[in-house]
Amino acid sequence: MTTIRQIPEVAGLDAKTALIRIPQELDVPLSPRVRNLIDTPAFRRLAGIPQLGLVSLVYPAANHTRFEHSLGVYRLALLCLRRLSFDPRFNEMVSAEDAERFVVAALLHDLGHWPFCHPIEDLQLPSVPSHELFANSFLLEGEIADVLRDDWQINPRDIVALLSEKPRDPAQCILSSMLSGPIDIDKMDYLSRDSLHAGVPYGRNFDQNRLIGSLRLNEAGDGLAIGEKGKTAAEMLVFARYVMFSEVYWHHAVRAATAMFQQAFFLLHGSLDMDALFRETEPVMIREMLKTAGQTGAEELLEGLFGPVRRLYKRLHQYSFLQDRELYRQLAQRPYPQLAACAEKLAHLASQALGCRIAPHEILFDAPPVSREVEFKVDVYFAKPDRYRRLDEVSPVVRALAHEQFDDYVKCVRIFAHPRIRDRLATHQHLPRLIREAVATLD
Amino acid sequence: MTTIRQIPEVAGLDAKTALIRIPQELDVPLSPRVRNLIDTPAFRRLAGIPQLGLVSLVYPAANHTRFEHSLGVYRLALLCLRRLSFDPRFNEMVSAEDAERFVVAALLHDLGHWPFCHPIEDLQLPSVPSHELFANSFLLEGEIADVLRDDWQINPRDIVALLSEKPRDPAQCILSSMLSGPIDIDKMDYLSRDSLHAGVPYGRNFDQNRLIGSLRLNEAGDGLAIGEKGKTAAEMLVFARYVMFSEVYWHHAVRAATAMFQQAFFLLHGSLDMDALFRETEPVMIREMLKTAGQTGAEELLEGLFGPVRRLYKRLHQYSFLQDRELYRQLAQRPYPQLAACAEKLAHLASQALGCRIAPHEILFDAPPVSREVEFKVDVYFAKPDRYRRLDEVSPVVRALAHEQFDDYVKCVRIFAHPRIRDRLATHQHLPRLIREAVATLD
Amino acid sequence: MTTIRQIPEVAGLDAKTALIRIPQELDVPLSPRVRNLIDTPAFRRLAGIPQLGLVSLVYPAANHTRFEHSLGVYRLALLCLRRLSFDPRFNEMVSAEDAERFVVAALLHDLGHWPFCHPIEDLQLPSVPSHELFANSFLLEGEIADVLRDDWQINPRDIVALLSEKPRDPAQCILSSMLSGPIDIDKMDYLSRDSLHAGVPYGRNFDQNRLIGSLRLNEAGDGLAIGEKGKTAAEMLVFARYVMFSEVYWHHAVRAATAMFQQAFFLLHGSLDMDALFRETEPVMIREMLKTAGQTGAEELLEGLFGPVRRLYKRLHQYSFLQDRELYRQLAQRPYPQLAACAEKLAHLASQALGCRIAPHEILFDAPPVSREVEFKVDVYFAKPDRYRRLDEVSPVVRALAHEQFDDYVKCVRIFAHPRIRDRLATHQHLPRLIREAVATLD
Amino acid sequence: MTTIRQIPEVAGLDAKTALIRIPQELDVPLSPRVRNLIDTPAFRRLAGIPQLGLVSLVYPAANHTRFEHSLGVYRLALLCLRRLSFDPRFNEMVSAEDAERFVVAALLHDLGHWPFCHPIEDLQLPSVPSHELFANSFLLEGEIADVLRDDWQINPRDIVALLSEKPRDPAQCILSSMLSGPIDIDKMDYLSRDSLHAGVPYGRNFDQNRLIGSLRLNEAGDGLAIGEKGKTAAEMLVFARYVMFSEVYWHHAVRAATAMFQQAFFLLHGSLDMDALFRETEPVMIREMLKTAGQTGAEELLEGLFGPVRRLYKRLHQYSFLQDRELYRQLAQRPYPQLAACAEKLAHLASQALGCRIAPHEILFDAPPVSREVEFKVDVYFAKPDRYRRLDEVSPVVRALAHEQFDDYVKCVRIFAHPRIRDRLATHQHLPRLIREAVATLD
């Protein structure tokens, strides 16, 4: 029987016989059966899907792909397994077979992503498939399923279960939380990778070695916890995530581009064959959307993003929780169609005020989406006294970041306008009144 | 008349004609008049004073000197001046002559430091000179004073004023706050330098370029503020400082060594000629203290730190504010002699309990010192609306770090014991009672 | 009259008012007139052209664009100007107006590149335009030309002259050699940037600060030289370039992909409208080539590179100068049609030997191209005695790299075969004879 | 029976239970038996011996200790063992017991070093002990020997054998060559560590991961070789070493300091109790030498290095092989007493020429020492054809560095003079003749 450290890919971390290299100077071990997964069309497709979508309109080097990220997450899976194999409780709960499924799940965790996945999901349109379900079509049929059965002796359903179903036993609980939880390998990779490619230091600041070195099982034995020595590293991860949201993911110009894309998709979505579209790479998806757009407002929005000249909308106004508590609360977490109606109303009012026609798509409202909470419910183990405590209980800074700063300070409500009209509108004396009037339609 | 960017050292950042190199791959520009300052005995002495004193007993590579740090601070002074010279309000308030005094003050800011300066100052013994006054003896007399007058056309008193007196005009206010304030060049250098040499990533995480790039005058025109784009970098600096305290400066083993040193110094201080001693390098100071110690408890303490075998005391108990609010409050911010009396009492009680002699210096109490508050009263400028706001007002994370986490969570109260007796005492059933009894003597 | 350091973009290095960020944590200063250049369709197009083309099939993260690279080169132009502005001889020869033209030329130096530019140029087909001429169409007409005239007061012809014509005066000689010479800003950027994105340390090893800090005019005053202190940095640059060729640009799998692409392009080139094609982004160009390919051998080659499954040809044999001097010399620097004929002959012979049909495009010959010499004719200034000497004269290591190791050891001759037949053919007893026979057709 | 990967320290690389941290962000695993070695007086003494001695007079941050370096080498030993444990031939030749001896030898390899060891050894005075023999006194007696026997079940003689005796069997050959050979863990650590602390990028440029990942046994099975994929990394190591010599170890000012120290030691050596002196830390050794020096020329030399004011001699003249082949050959590899006589002669001649007294110790000759050849006799394994070849045979750049550039270009012959007389002498018209005359005394 093999142990976790004998799994070929885990051993490959040190054996270094076959490697693929990704930034920043990382060796990703390859085995024949990993190569067979990577060489399927379903995985190769990830090389055509940038990790950050519209961010590259603002941070021009951030065009790294989900292919690269998937390799990074897979490598972190190996590092975590290697480390946890020294924890006797982990070894008891998680067999080498479980661990192999985890390795595969880490490598394939993004198969169900499509270009601009997050902005589209935030619209919460009923016709959009969940990306978990979408992933299943790649996992359960075709070449991936064949490789899993033939080379890995793994039932593809087990990978689906690990990636998207409610865990059925403690081993699955543990491994699921490593894939997606307060401290997971997805986050560890994307924070540092996005940061590197954006050209900023923000997301590379947590002490990854220390964090992985402190991993252990939680008290109940059904999830990860961290040792006392990892507490600061965990705080650093939470902080790094905050800074990346503040400076990159929710950068005002990135949000302008996101709002433009969301409005275009919202306008077009009835005419798109999503299931076919979402199987394409980003350039093809953009081409298809432009084709569908014809000469509508959606076309102008898409041309501003992807046409020969980048033309992003500009901020007309911006409210954090701090700056205007009331307006913030009226707009945050609103369903997208309501925001769109609100924007249309403001365009109408502004047309009258400026005495010139403003098309409905020339004004956009952007607000924190309905879902996506920040949670850091991870336990920290203290040897003296022998006790587990919740991270946010023992860390005021995590408490501040998780409960207060994050949603209320980083995720602003913003109103964007087409550059053609932005300056005139921004300086219009009645703008505040017009906005209040437009927002009042929500009630 | 010269402008700030024409000051030879500021121009030297780009001219790169004469350089000295320090980690991490930094070019420090030299001019003949800077070299003349560096080559004085007073400045050369800093090469014999490690920046972190006892930390190198725990982080063995952290033996960098105040010489290196001073060069780092001097370089940051040039970077800040170069950047601020593009701010018209700064240029109006601060002349090139003021700026030259600032450059000199930055280079010489640590002249008054002596080996183990901070642990000694924390004892608050009346016979210990303030290091500001101590610095004056190097600044106002001897070669430094000559170089300042001859090569720099600077009155040495002006440097003393900038370094240690209450500012008399806005220019001095501004420059003083850059040397020592919520966001100062001293902190920017030591956090990243200490972090590098300790071998940890913690203090190198703030975005120094962004922070310096966002510097501007505050609303009143008498201090530094930061622009909106620097807000996150400022939060990162505050956070980096917290992590460095948590993992390095207040690491439990570092505090054990500090408590040992403080007790030895406390025992010896009546017999030491401090004014002579503090002019020496660290190896000489250690030799002198050992000589004075004779065969007292102080000798055993010093031998455990500096003798052929390192033998640090071990934790008997540890209380953060979180863990035992009451005991924490009883001991934090106590004058050192009271802590010493408390330790002596516990040694006495423990002798009886264990039935063996425990010398008074074999048990040590360590608690947050009387002074040294954390403050981050810096303003952030927001262009929309045109307004300055306090950093801790607009940042929950700074609020949490500054007011709550820092003093209460990082700076624990700790009781240390000689390894000879530590294990027996730690497992003694009545230890909690003995501690309470010893602490009760404080009242 | 402005000085070089007052050029807004040069001053912007320190003023840091408007920035764009690229890896690795670099601040690129923007001015309104630079933004106007960047926002033209001609420049935006570079965001659709990866810097390294086929390399990303082997180093999956190396998909950075010429847009990012151009920003990097532009920033280096500013750094070099800032530094050289302290050299009185440079200031005498190069006016601020010259320097502004240099800044623009640096930013726009890659405008004439098209996807897969280098592999296509290496074919030396008469119908392929030179990329210098191709660039002119973007520079002399349209929005770029307008911005140059209106915002920069620059005649677009001057940029064309700087980028692609024989220099007419010393200033132009100097600035041309900084754009393209033994030590130029193009090379300094691409070596370190390609290295970063490939995930390897190789091209980031030269001491860029030191190199730029040592720049000066050569003896004749018509080109760059380096000071004595920069000699080692220059050796490091030469060495870094060698390693990047060895491990990345001429990696055997990268060359397999290149050979496949070249053969496909060679087969299709008569049917392609190159002038239109070369104006497109990479995804569009790939689509167009596939469309033209129909169901020919070119299609199979392109599908292996860009189709849903990556399928690279494998090495059948490989000869460096060291390994088989004679065969190496017979094939190196051959015009591409001869190599193609040779491959066809081998496919024919191999069909007979294996007794199965091998299509002509299933075997490919790859050899060092006709042009592209390595030169390091840069002078080093030695203060004692006051004298300039050629870098390769004072550096055996540069001599070894430039004259011997580079062309002869790094650039192998390789024969690739389709994976379908590769193993059978590689182990065939008569393969050496068949190769010799195929190569003999060259004579 | 344990395997190599089960050795507690090797397992500790991943288990991460107990660690010590050194730059740059490296985790060094500790086990109780390693801690027991580190906590001996003999090992602790290394914390008082800077790695680079006089270099810190020029690179002020380069005051890292042999303690830190020893931890770095020990960690590399673990990394190499972990990797080589995947090579079946290595496993067959080297038992886990052999490997444990290697771990200990790596940790203790510098025990026999004393302050300023290399400059003193280069004098080749008969009364100076070899540092190998000197090490034995620490290894074979006292606490180290006890810990080896009690905690490691290792005979101290076996460590002595591994460190300084001719290998008696293939396992010892292999392990010896990893400690000291063309590609050894000592060099890998000191190049990168010295580089980091000096603040330069030069020695951190080789691809350590790749190099370690390519390690394998040589053809004969009695030493290390590298795989084909490690060839470039090996070239990078050779190149990094060259650059570190050029820019740091043989920097002209470092050599000035070295020449001053060597002359002082040469003058004093008859009066020093070397065996006692060499057991001290650097500050104590300096104090003792100053005490012995009295008011001789040696005192002035030592005061210039270690006194309150640093005062280094300046270059009077410098000859590389390139610059003056004849003079270079006359002085390189000369025994020190001859160089000293030559300097005395020049001082005498210069006194006459300048008409003022110049003391013999005011002029110093520095030349490449007798021993210390550069060798890179390591084999590279090429899979196709299955064959080992010598690195310098397959690498022109290594050939150039090893045979030509290194000794002849980096190690100059230099003549230094006291700053008091340097300028007058350097500009004296007859200086070249005086030098020739002084050198003529050698024949």
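Every chain is named by a letter (A, B, C and D) in the order it is written, and numbering of its residues begins at 1.
Just so it is clear, a contact is a pair of C-beta atoms (placed from the backbone, for glycine too) under 8 Å apart; a residue touches a chain by one contact, two chains touch by 3 or more.
The structure displayed is predicted, hence computed values, not measured ones.
Peer 1: Return the chains shared as contacts by chain B and chain C, ordered by label.
Peer 2: In this structure, the chains that contact chain C and also chain B are A, D.
Peer 1: Please report the minimal path length, in steps, between chain B and chain D on the chain touch graph.
Peer 2: Contact-graph shortest path, chain B to chain D, evaluates to 1.
Peer 1: Report which interface contains more C-beta contacts, comparing A-B against A-D.
Peer 2: Comparing A-B with A-D, the pair joined by more C-beta contacts is A-B.
Peer 1: From the C-alpha centre of chain A to that of chain B, how far is it in Å?
Peer 2: Each chain's C-alpha centroid was found; their separation is 40 Å.
Peer 1: Can you give the whole-Å distance between the Cα centres of chain A and chain C?
Peer 2: Whole-Å distance between the two chain centres: 35.
Peer 1: Any idea how many Å lie between the Cα centroids of chain A and chain D?
Peer 2: Computed from C-alpha means, the inter-chain centre distance equals 50 Å.
Peer 1: Which residues does chain D have that touch at least 2 chains other than itself?
Peer 2: Expected reply: 25, 200-201.
Peer 1: List the residues on chain A that touch chain B in their complex, please.
Peer 2: 200-202, 205, 207, 232, 235-236, 239, 242-243, 246-247, 318, 322, 384, 394-397, 399-401, 404-405, 409
Peer 1: Can you name the residues of chain C that touch chain A in the complex?
Peer 2: Touch residues, chain C against chain A: 20-26, 39-41, 44-45, 47, 56, 59-61, 63-65, 67-68, 71, 196-201, 281, 283-284, 308-310.
Peer 1: Once bound in the complex, which stretches of chain A touch chain D?
Peer 2: Counting only chain A, the residues touching chain D are 5, 11, 14-17, 19, 25, 27, 82-83, 85-86, 209, 212-214.
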